[in-house]
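Look for chain A in each of the two complexes below; its partner is chain B in the first and chain C in the second.
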Partner chain A sequence: MDPGQKYVRRHNNLETLIQLAISGLAMGLIYCLVAIEFTLILNTSGLMNFGHDKYIMFGAFLFGGTFVIRLGWDFLPSAVASVLLMGVVGIFIAVIVFSPLQKLPRVYAMTGTMALSMILQEATRLTYGARSFTVLGFLSGTINFGFVSIQRVYLFIIIVTTILLIFQNLLMMKTKLGRSFRAVAQDKETSSLMGINVNTMLIASATMSLLICGIIGVLIIPVTGITLGMSNMIGSKGYIAGVVGGMGSLNGAIIGGLVVGLTEALFLAFGGNPVYKDVVSFVLVVLFLLLKPDGILSEKKAAI
Partner chain B sequence: MKENILQFMSARWKALLGLGFLILLPLFIDSSYHQIILNKIIIHSIVVLGLNFITGLVGQLNTGTAGMYALGAYTSALLTTRLGVSPWIGLIASVFMGILIGYLLGYPSLRVSGVYLVLTTLSFAEVVRMLLTNMIPITGGALGITSIPEFTIFGVKLGRSSVGFYFMLAAILVLFILISNRLINSKWGRAFKAVRDNPESAETAGIQISTIKIGAFTLASVFGCVAGALYGTLMGFISPVEFTSLMSVRFIMMLMVGGIGTIGGSIAGATLVTLLPELLRFMGESYWLFFSLIVLLSAIFAPNGLYSLYTFFRNQANKYISKLGGKASGSI
Partner chain C sequence: MKQLNKVVTIIVSVMLAIAIVGCSTAAPAPAEPPKPAGDSQAPSTSGPTFDGEIYVGVTAGITGDAPLEGEAMTRAVTLASEIINGQGGVLGKKLVPVIEDDSYTPEGAITVANKFIADEKIVAMAGPGRSSSFMAISDLIKEAGMPIVTPATSTTFYKLDNPYWFRDRTTDGVSTNIATRFLVEELGLKKIGVMLTNDDAGLAARAVIESTLKELGVDHEIIVYNGGEIDYSGQVLQLRDAGADGLVLWGHTVDYAVICRNMYQLGYDVPTVGNTGFMSATFLDLVDDEVADGLYVVTDINLESEDPYVKYFLDEYSKRYPDVKPDVVDAIHFAHMFLIADAIKRAGVAERQAIADALKETRDVPSVLGPLTCAKNQDCAHTATVFQNEGKVAHAIKTFTLEVE
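Let's look at the complex of A and B:
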C-alpha cells in the first residue's frame, strides 16, 4: 500500500481513529488503576503482590455471579456491595497473609503471594464453575456523537476512573492517612519511629488496593466478560505500567498506564496486526527494563 | 558429626542406592498411564534441577521457565516433524537453543534484579507463548505440532510408555544429576551462593558477577530446553496453550516445596507436584486449591520446603533419643 492510499484510508476512517483513541484512553486509565493498586501494597510492605489480577477477577465474579445473577440485585447496589466486600477481604488478607509474608526473604514472599492468588482462582472456579458468563445489559451498547458512535463502557470507564484518580490524589495529598502513606513509602523505619503504625498502614493500603481491584473488575466486565482468565493480560499490563512510569511511584503509575494505553492505541491506529497488540506492551517493558528501569518519573521509592 | 544413617553412608553408596531404586522402579509400574506419569516426573525433575541454579543457588527468581521449556520443545519438534531429522539431533539442537536463551536472558539479568527480573522473565515467557501462538505458518499456531516421532536406539523404537524410553530418560536424569552435583560442589557452586548471599563481597573476592549470572541462566535454560524436547517426544503433541505463566509458577513451586538449593530437594519437589493430581484425586475438583494452600503455609512456616520439615522431625527425634540414652547419646 503506497503512502497516499494509507492517508486516504485513515482519513476516511476518522471514526475508527476516534474510537481507537477512546478505547486506548479507557484501557490506559484501567492500567493506571491496576498499577496504583499494586503500588499501594508495594510501598507499605515491600511486597510485590503477584497474582493481583486474580483479585480483579474475583471482584468481577462477586459482582456478576453473586450479586447480580444469584441474588438478583440491581447493578449499582451490586457494584457497591461487591466493592465493599472486596475491601473486607483485603483486611483479612493483609492480616493473615501479607503481614507474615513481608518479613520473609523475597523469593518466599513472592511465591506466597502467587500461591495466594492460586487459592483465590481455585476458590472462584469451585464456587462459580469454570464456564465464562457475562452480565447482560450492563454498560452495553453505544452512544452516538454525530458521526461517531462510541461504546458506552469506555466512556463509563473514563469517567469513573478519572473521578477515582482525582479522589485518590486528594486522599494522598490532603488527608492524614495519605501523608502517613507517603511517609511510609519514603522510609518505613523512620516513619514508625515518628509514631506511624506501619502495620495499620499495610492493612489500610491492602484494603484500598482490593477496593480498587473490585472497581476495576466491575468496570471491565463488558470488555472481557466474566471468565477465569479475564484479567491476566490486564494484570501484566499493570506491571508494565508500573515499570514504565516508575516503580513505586503513584504518579508514575498514572503516567505509565497512560503510556501503555497510548502505545497500544498507536500500534493499532497505524495498522498493526491486532493479534500482536499485547506483544507490543511486553516489548515496551523489556526496552524500559534494559534502558531505563527507573521508569519515566524515576522517583526513588520503597526498595524492592 | 554423623547424625543419621544416610550420613553414615558415603556419597557413593547413596548414589548406588538411588541408582538401584531407579532401575527397579519399572517393576512396580503396572500401567502405561503410570509409566507416562513417571516419565513426566523425570522430565520435570530435569527442569527443576536447572531452575535450581538460577533461583536456588544464585537467588534470582526466574518466572520464565515455561518459555525455555516451550522453546526447547518446539525446536526439537519442528526439526523432527518439518525437516525429518532424528530426535537425537533435535535434542542436541535444543541444547544449543538453551545456550542461546541463556545469553538472551542472562544479559538483561545483569541490569535488573529482584522484582524487575521477575517481570522480565515473565514477559519473556509470555512473548514466547504469544509468538508461538500467532506465527501460524511456522508453528501451526494454537493447533500445535502433532505426530512428534519417538527416539530410536540402534533401530529399536522407544515407545512413549515403554520401559526402554524410561531407562533412556532415567539415564539422562542421572547425567544431569551428576552435572549438577559436580557444579554445586565446585567453585562454581560456591560462587553461585556467594553472589546470592552478598554480591558486593563476592565481587571483592574476585568473582565476576556477570559470568555467574549468565552461566546460571544458561544452565537453567539448557536443562529446561532439553527437558522440553524430551517432553515433546513423550507427549507426541505440543501446543503453545499449555506453556502458560501458570506452568512457570508450578516449576517454582516444585523448587520451593522440595527444598531450595539441593538436588534431592529439586527431585522431591518435582515428584510431589507432578504426582499431586493423582494423589489428591479423591479431593476431586479442589486439589489445586488444597495444594496452593499448602504452598502458602509452607512459604510462611517452612521456607525450605520438605527439607526443613525433614530436618525438623529429625532433630526432634534426635532429642528424644538422646533423652532416652542418657549420656551416651545415640541418634537416628
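Let's look at the complex of A and C:
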C-alpha cells in the first residue's frame, strides 16, 4: 500500500506557512551548529567524528539531569554550567582520544570515534538511568505575533544560534586563534612549520566543538525531551548539511544547514507527504555527492 | 604539561573503565530491584525445594530507545517467577527466567532468539515487545518449534502461518477499532485525523482504522510519519488545516511525546486517542502535565478495576518494589510467566512442542489482563478499556469484552 495515499494538500494558510518556515529555519540553524561542531574537529585533525551526536545527548543530560533536576539550579546557570562542563570534557577527549586517533589509519580512527560514542551513551544510561524525561517549563509555550503563534523554543533557537554563528565568524576572522584554526585547516604541516602547535589547535577545536554540542543539547530539549536517542537524527542531518554546504568549510556548514532545514519545511509547506520528509534530505545529499561533491561552498572557495 | 596529561589520563581511564564495565557484552544481569521493605513481606523463595530448573527465555529491550519498558519487563518477570516458585514452582522445578537484552530492535531480537533456540534448556520464550522485532524472529521460532508468548500487538502476525506464537495482549486490530469508534460514536466527532507510524504496527493499524471509518461513514485524513523524528509540526499542521476535529494516534511512545508536544504548542487541542503508550512512564516523563491532560488511551489493562487478580498484582508488586509505581507495562509482562507456567503444568512436561500444544488449549487462565483463552487466531486476551488522562493520571471510562472465536 502506498504510504503516500491520502495526504493533505491545503497549505494556502499563511499562518501554517509562517509556522513551518520558522520551524524549518530553527532546525536548519541547529543543523548548522551540528555541521560546524564536527567540521571544527575534522579541520584540525582529519578525524570524522561519528559519535558527535552522543555529545549533544550528553550535554542535554548534564543540563537537565544534573543541574536542573538533581541540583535544583535555575535554567540559565544550569545552561552555562553544563556548556562549560562540556568544554572541559572536550579537553579530556581531545587529549586522551582524538590526539592518538588522528595518527591512526582512517578506518581505525572512525571506529574509535564510534566506540567512544557508544561508551558515552551507555555511561549516560548507567549514570542517569534508562528513564527519559524533560525539563518542565523550559522554553515551553508559544508567543503570538498577530495572527501567528510561534513556538517559543524555535524563536530561542533562532536567536541563540544566530548570535553564536556571528561570534564564531568573528572568532575565526578577527582573532589569532581563528587565524591559527584556518591555517591548520588549510595545511597542517605548513602550519606546524610556521610555529602553530597543531595539537593545541586540536584541543581547542575539540573544546569548541563540545561547547557547541552542549549548547545544541540544551536548545533541543523542549523539542525532543531528554532521551538516549534524542540526537540521532540531528547528527545525521548535520552530516548532510556538511556535505551540502561543503565538507570542511564552516561557512559551508551554515549554508548547508539552512538549505536542509528550509528544504524540509518547504516540502511540507507545499503539500509534501510527511513520510518522505527525511527522504528529501537524503535525496539532497545524494544529488550533491553526484553532481557537486564539493558542496555549495567548497573548502577551496571558502575563507573558512 | 606532562603532569597534566598524566592526571587527565588517569581520570579519563577510570571513567572509561566504569563505562566499559557497564557496556559489557555479556548477558546483562536484570536490573537489581530495590530491596523490599521487610523480608517477611517478600515472596518466599527459600521455602519449597526443587528437583531441577525450567528455563524460560525473556527477550527485553533493556537498552535502545525505550529502556524503561525493558526494565519493567525485567522487574515483572522476576516478580512473577518468584511468586510461582514461592508456590512450589512448576512440576516440582524452579522456574528461571533467562533475561537477554534485544535493544528493542529486530537485529537484537534475532541475536537473542538464536541464542535461546540453541540452548536446549530453554523451553519457552517471552517477548519481544515490538511487532517488528517479532516479525524478524518468527521464522526462527517456527523452525525451532519454540513456543513464545509475545506482547507485540500487530495483526500482521495472523499471516505468518506460525503455530508457535501466542499473544496475551489485546491486538491493535481490536484496540484501533475501539479507539476509532470511541471518537465517532461516543464523542460524536465528524472528521477524524489519523497519524500512524511508518512501520509494521502502524501500517497494520491503518487497515483497521480505515475500514472502521469507512464503515461509520466518517470523513478522515491519514498521515503516516517516520518514527524517531524530532519535530512533527508539519504533520500536525496538515491535520489542523484539514479540519480534523479528533485524532487517532498510533505509534510508539517517544514519538507520541514529540507529537503531543507539537500539538499543544501549536494550539491544536482536539480529542486524541492512542494506545498504551499514553499511560506509560516513558511518555509521561517526557511531557508536561498540560500536554498529557485529556488524552484518551485504549489499553488492555485496567489497574483501577476491582478484579482480585489486579489487586493481587498491585499488592505483590508494591511489596517487592516499594519504590516503583507499577504501570500497564509492568502488568503486561507480569502475565507472561504465569501463562507459560500454567501451560507447562498442563503439558505435564517441560518440552517445547508439548508447551506449544498446551498454550493452544489455554482456557480461562486467570491473569492481570483478564481471563486468558487461546482463540483460533492464537490471541489469548480479549478485553480493552478506554481511559482518559487527568493531568498524568489515567482514569478508566469504559471496558469492552470481546467474543472469543
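Before moving on, here are some points about what is shown:
In this section, the second predicted complex is superposed on the first by the 287 of 304 C-alpha atoms of A that agree within 3 Å, B and C clash if a C-alpha of one lies under 4 Å from a C-alpha of the other, contacts with A are read in each partner's own complex, and residues count from 1 in each chain.
Keep this in mind: a contact is a pair of C-beta atoms (placed from the backbone, for glycine too) under 8 Å apart; a residue touches a chain by one contact, two chains touch by 3 or more.
In this text the structure is predicted, and so the values were computed from the model without any measurement.
In this overlay on chain A, chain B clashes with chain C. When the two structures are aligned on the shared chain, A:V275 is found in touch with chain B and with chain C. Within the superposed three-chain model, A:G225 lies in touch with chain C and out of touch with chain B [touch as defined at top].
Of the two partner chains, chain C is the only one that A:S23 touches; chain B does not reach it. Once the two complexes are laid over each other on the shared chain, residue contacts for A:T142 go to chain C alone; chain B is not touched. Of the two partner chains placed by the overlay, neither chain B nor chain C lies in contact with A:T162.
Looking at the superposed arrangement, the partner reaching more residues of chain A, out of chain B and chain C, is C.
After overlaying the two complexes on the shared chain, residue contacts for A:L104 are found with chain B alone; chain C is out of touch.
Legend: residue contacts after superposition of the two complexes on their common chain; A:E122 is shown touching both chain B and chain C. Touch criterion met: A:P293 reaches chain B, while chain C stays clear of it. After overlaying the two complexes on the shared chain, residue contacts for A:M114 are found with chain B alone; chain C is out of touch.
The single stretch of chain B with clashing C-alpha atoms against chain C, selected from 238-246, 256-264 or 310-318, is 238-246. Residues 118-119, 122-123, 125-126, 232, 275, 278 of chain A contact both chain B in one complex and chain C in the other. Per the touch definition, chain A reaches chain B in the complex via residues 48, 50, 97, 100-101, 104-112, 114-116, 118-119, 122-123, 125-126, 232, 236, 239-240, 243, 247, 275-276, 278-279, 282-283, 285-286, 289-290, 293, 304. Partner chain C is touched in their complex by these residues of chain A: 1, 3-8, 10-11, 13, 16, 19-20, 23, 27, 91-93, 95-96, 118-120, 122-123, 125-126, 130-134, 136-137, 140-142, 149, 151-153, 220, 222-230, 232-234, 264-265, 268-269, 273-275, 277-278. For chain B in complex with chain A, the residues that touch the partner chain are 55, 59, 61, 108, 111-112, 114-116, 118-120, 122-124, 126-127, 130-131, 134, 245, 249, 252-253, 256, 260, 285-286, 288-289, 292-293, 295-296, 299-300, 303. Of all residues in chain C, only 5, 8-9, 11-13, 15-16, 18-20, 22-23, 62-65, 67-68, 70-71, 198, 203, 206-207, 221-226, 228-235, 237-242, 254, 257-258, 261, 265-267, 281-282, 285-288 touch chain A in the complex they form.
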